[in-house]
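Once you scroll down, you'll see the structures, which are given as structure tokens.
Here subunit A shows up in two complexes: once beside subunit B, once beside subunit C.
After this line comes the complex of A and B, so read on.
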């Protein structure tokens, strides 16, 4: 049996929040799928960019648990092709922000051994901070 | 300021809700109450729809019952319902020119939708200005002009053909001009038509044959329109017939010349370049006229000179070849014009991701039309293979290429082409990749279902890209099936691009000549989207077919018949009413200085008994002579000095302390209509602006500008048509001169000259209008309100400053 979803005020609030954070009018997405077809990371994603957009349109907060937003490389392939002029990468960033603002620390520098810190590429550390220091 | 002869003026004010369009933004109660309090206003009423029968009757009854002299209606733009209310007041026995509209819909409620309070304040200023304009209006008599029964139809596709046949059959004289060697347009290229699958050529060719057979149609093929001047009832048309180098009356189209011509590899435009033709050719096999012509760019004799090749001349059994053929210019006059210049398909080279320029396997739908025709005739152009994919919305619904609109016909033509391919070979796998499938027309949904039954597969997803893998010679197409969220990446033998429609390039020249407006999608704009769908902003000029927007053949034919019927409506009466916008002289003020005589661009002013005299038949009503008169003896009917000064005074009367206000003088042909289009598009601009309608910016004299600044304006904007789009081609120079004089006075008095600005527009520059108005408003706001003492100094010794010592 298929899952039922609710469409209520609360869902609209979630949509509004993501629209505010991303600056994109997400309801303008007409679900054509060009973003998904253009995405170089698509094979690794659990949901496609167009599905991510649809879930936000419907205010389905479970989208926050998807892997797709973290895999977005901000290559903008979707952005330059979107026929409605939307920037999907900004929506992915907004969803990441919502997760990050929960301010849960997942790493602590003290826990990383010195020699490992030496071996780690700088960008890996930077991106870790970026992701986990909200 | 008093009205001559009568000081007891009785004005009726009406506020229209426009079914919510106005009342949802503007506080109509407040506006009507405000109107009722204005001097000379004896009643102020509201109605949900003033333009309705009830609304009009209300005005008629009130005029009689309350003995009204003037009527003011706060409603939509005068370009929409102006004529309606003029008829209403006429019915009640008044002059049609005593009614004024305050355009609070297009120029207030719509652009200021998000600021209802500011909009209400602005509406008060607009209403007050309209009351002043009505108060000083002259009760002029209605005038008419004679009109004949001659029509120019530009473009002989199915739209132009239908319009010409309708007009010719009704007894009107038609000049049908087509730039290509044959009539028929794009429809002649098509295989079959949806949803009935009739053969396009079979249903079109009899209609094409009817054209030269109609005694009332003068057909000009292979002919360009060079110039059109004039107006309704009096258009002067210049055309040039291109040389065919074949004496058309002699040619029997036997084809011998084509057979013998050594130049064989010229891409055939009719076949979208898929086949070749000779340098001497016929447009296509059922062309009208079906005679031969020589392509001067590729013919050896015509490019290299005598003695190289005259094969066609040698073999022609009718002696029809004439290498000395020359372009022929022709001039004629017509009363109305129908523009049916059609569409160009979107050039898919612009959409690089679909690889049209790179891969031979990627073709346009129009190319496929030609391929299907050739296959049906038994000479296929190429093997299309077994697996064929259609990509929808190529050049439609795509902000990345600036085309937001749906081209309306692609869903159905793709369904048709797919069905035909499937019919001819059921083994083929045909896929249509679509975003939304729009099967809105009669029989369309049923046709869509039939295609599904046939086995055409519809997949919902916009194709992301087309490419070739290095190990394959087939093209791969990548797309998400948005219904299952699965990515499809698969090889195809042929990919068909369902290209959208855009305005044909050749239309721009015609649109400029006729000063026609464009809508946001780039197609030519109808006068009213609902009720005047084939009229244009130019009286007597009509649109037919895809020049107005994408449409299928039945809609095109319906519109062509509508356009001819609208043209007949004007011409059949033998005369039509005109607005008496004509310059006149206040004889008591004229001192015979003759300064105005040289100023008139059309030489309509002469001297008679030491007074200036205007020839009504010649005067075009631009009003530029007014600036030349030091004694204000020259004036313009419907836009008199009293009326404009009254409008300016009242527009600024409601200005509050600390506010800055700009006045926008908008010429009626371009800027005023542009402002209306901006409102209709709900584009927002500053509420600190009030638009005042003038026939031309050159009507706005330096004195009037300075008076406006004295009366409280902090910025003045003069909008005028670009020269090539203006009925007054000289006006740009006249306005520049006027503005320069004002700038000089402003500089001397320490007022920023940037406060007075002049810009030339065409009716499509919606964004340009908004930016310019906002730009001037912010200049005015940053510089602040001009102190009253400085304002007063601007008009001191004004005659001396503008005209020299003699005219103090």
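After this line comes the complex of A and C, so read on.
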């Protein structure tokens, strides 16, 4: 059994939105999986980076609820290896931004224990809050 | 040689040992770091979306300071801005490239920053201290060595932001050699680590510390299995994840043996025979002094 994928105008509009925000021509991805093979955080992810790209190609907005985009550490391992010259880290950032621009932060300072705040270097806290809050 | 220098937040506090050791070794090589007056946060991470020019303001303001230093005579015709932290380096260089390649973006940013006395004109080049060392010539680094690190096996760790993306990186993103060349100049035995370019988890360390500890475990154990006594890095966040997170690694792997993590400048200071004080080893989580004493380097 296979499901037939329907592409509506809404799907195409979502793809266009993420392409504009990321600056990447996402339809060029041919699903080779090099990004997934290069990703250091993949074991923590619910969908792989290449699945994330496929969902955006198909305009499936439920990708906005995936954990994967929040686990991307912007290490650019996928960026330097993509044979199609795509930057998956920019696509993950675009998806994060679509969420954050609805004024829903992904993290809350109150959730970080005091001893960790004292222990962490500023560079960790500033980068985390720049990536995960609007 | 006087160079404009951008420190960044962490080098003034948790990574003071990086700054102090870097300034000391640079001085030995005849390089004076002149700290940027009125520097501000670099932004730490580059914005990766196309429409977010606001995030370029912080890095570009710092580049204007370099122009001002030249204008005021603090620096003479020197537009290279030297950085130590790999994250500051990457964010500043990336912002600089973006506005150099997109004059419309630069105009918008300059128009917005109307309280700055001058516009940014694209004249600055953001460089990392390792590049300055390469340009100076590692043979000149070698000439300053008083205590060769011949008894020390060291694994380089590059992480991400010194190498990637390609247009920003200081070396081949897949086969870098700059740290290896430095270590050879210092007389150390270089241990290759297949995990030297693998991310340590970066800022995920704030809310996902065990995932980061797991990545650090892989990086450290591969270095150890290769025979390394220690690891070097050039990023205060990598240093935190590789060094401090050994506490979390031990929670999950009680048989794990701690391994010292140095800033490359600390190990240079040791090789140059400088005072131990400039290394600030009290800020390293794994104390490297027992290892250095054992190898008769302290």
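One rule holds for everything that comes next: the second predicted complex is superposed on the first by the 102 of 134 C-alpha atoms of A that agree within 3 Å, B and C clash if a C-alpha of one lies under 4 Å from a C-alpha of the other, contacts with A are read in each partner's own complex, and residues count from 1 in each chain.
Definition applied: contacts are C-beta pairs under 8 Å (C-beta built on N, C-alpha and C of every residue); 3 or more make two chains touch, one makes a residue touch a chain.
Computed from a predicted structure; not experimentally measured.
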Next item on the list: Considering only touches as defined above, state whether A:80 meets subunit B (first), subunit C (second), both or neither.
Entry: both
Notebook entry, point to check: Touching A:42, do we find subunit B (first), subunit C (second), both, or neither?
Noted result: first
Margin query: For A:50, using the defined touch cut-off, is the partner it touches subunit B, subunit C, both, or neither? Pick first, second, both or neither.
Written below: first
Next item on the list: Return the chain, subunit B or subunit C, that is in touch with more residues of subunit A.
Entry: C
Check: Which residues form the common part of the subunit A surface touched by subunit B and by subunit C?
Finding: 43, 80
Check: Across the complex, what residues on subunit A touch subunit C?
Finding: 20-23, 40-41, 43-44, 71, 73-77, 79-80, 87, 89-90, 92-94, 97, 107, 111-112, 116, 119-128, 130-132
Check: What residues on subunit C touch subunit A, complex-wise?
Finding: 8-10, 13-15, 41, 43-45, 47-52, 55, 85, 87, 159-160, 163-166, 173-174, 197-199, 201-209, 211, 214-215, 236-237, 240, 244
Check: Inside the complex, what are the residues of subunit A that reach subunit B?
Finding: 30-38, 42-43, 47-48, 50-51, 80-85
Checklist line | subunit A-touching residues of subunit B, taken from the complex the two chains share | finding: 353, 393, 397-400, 435-436, 460-465, 478-482, 485, 487
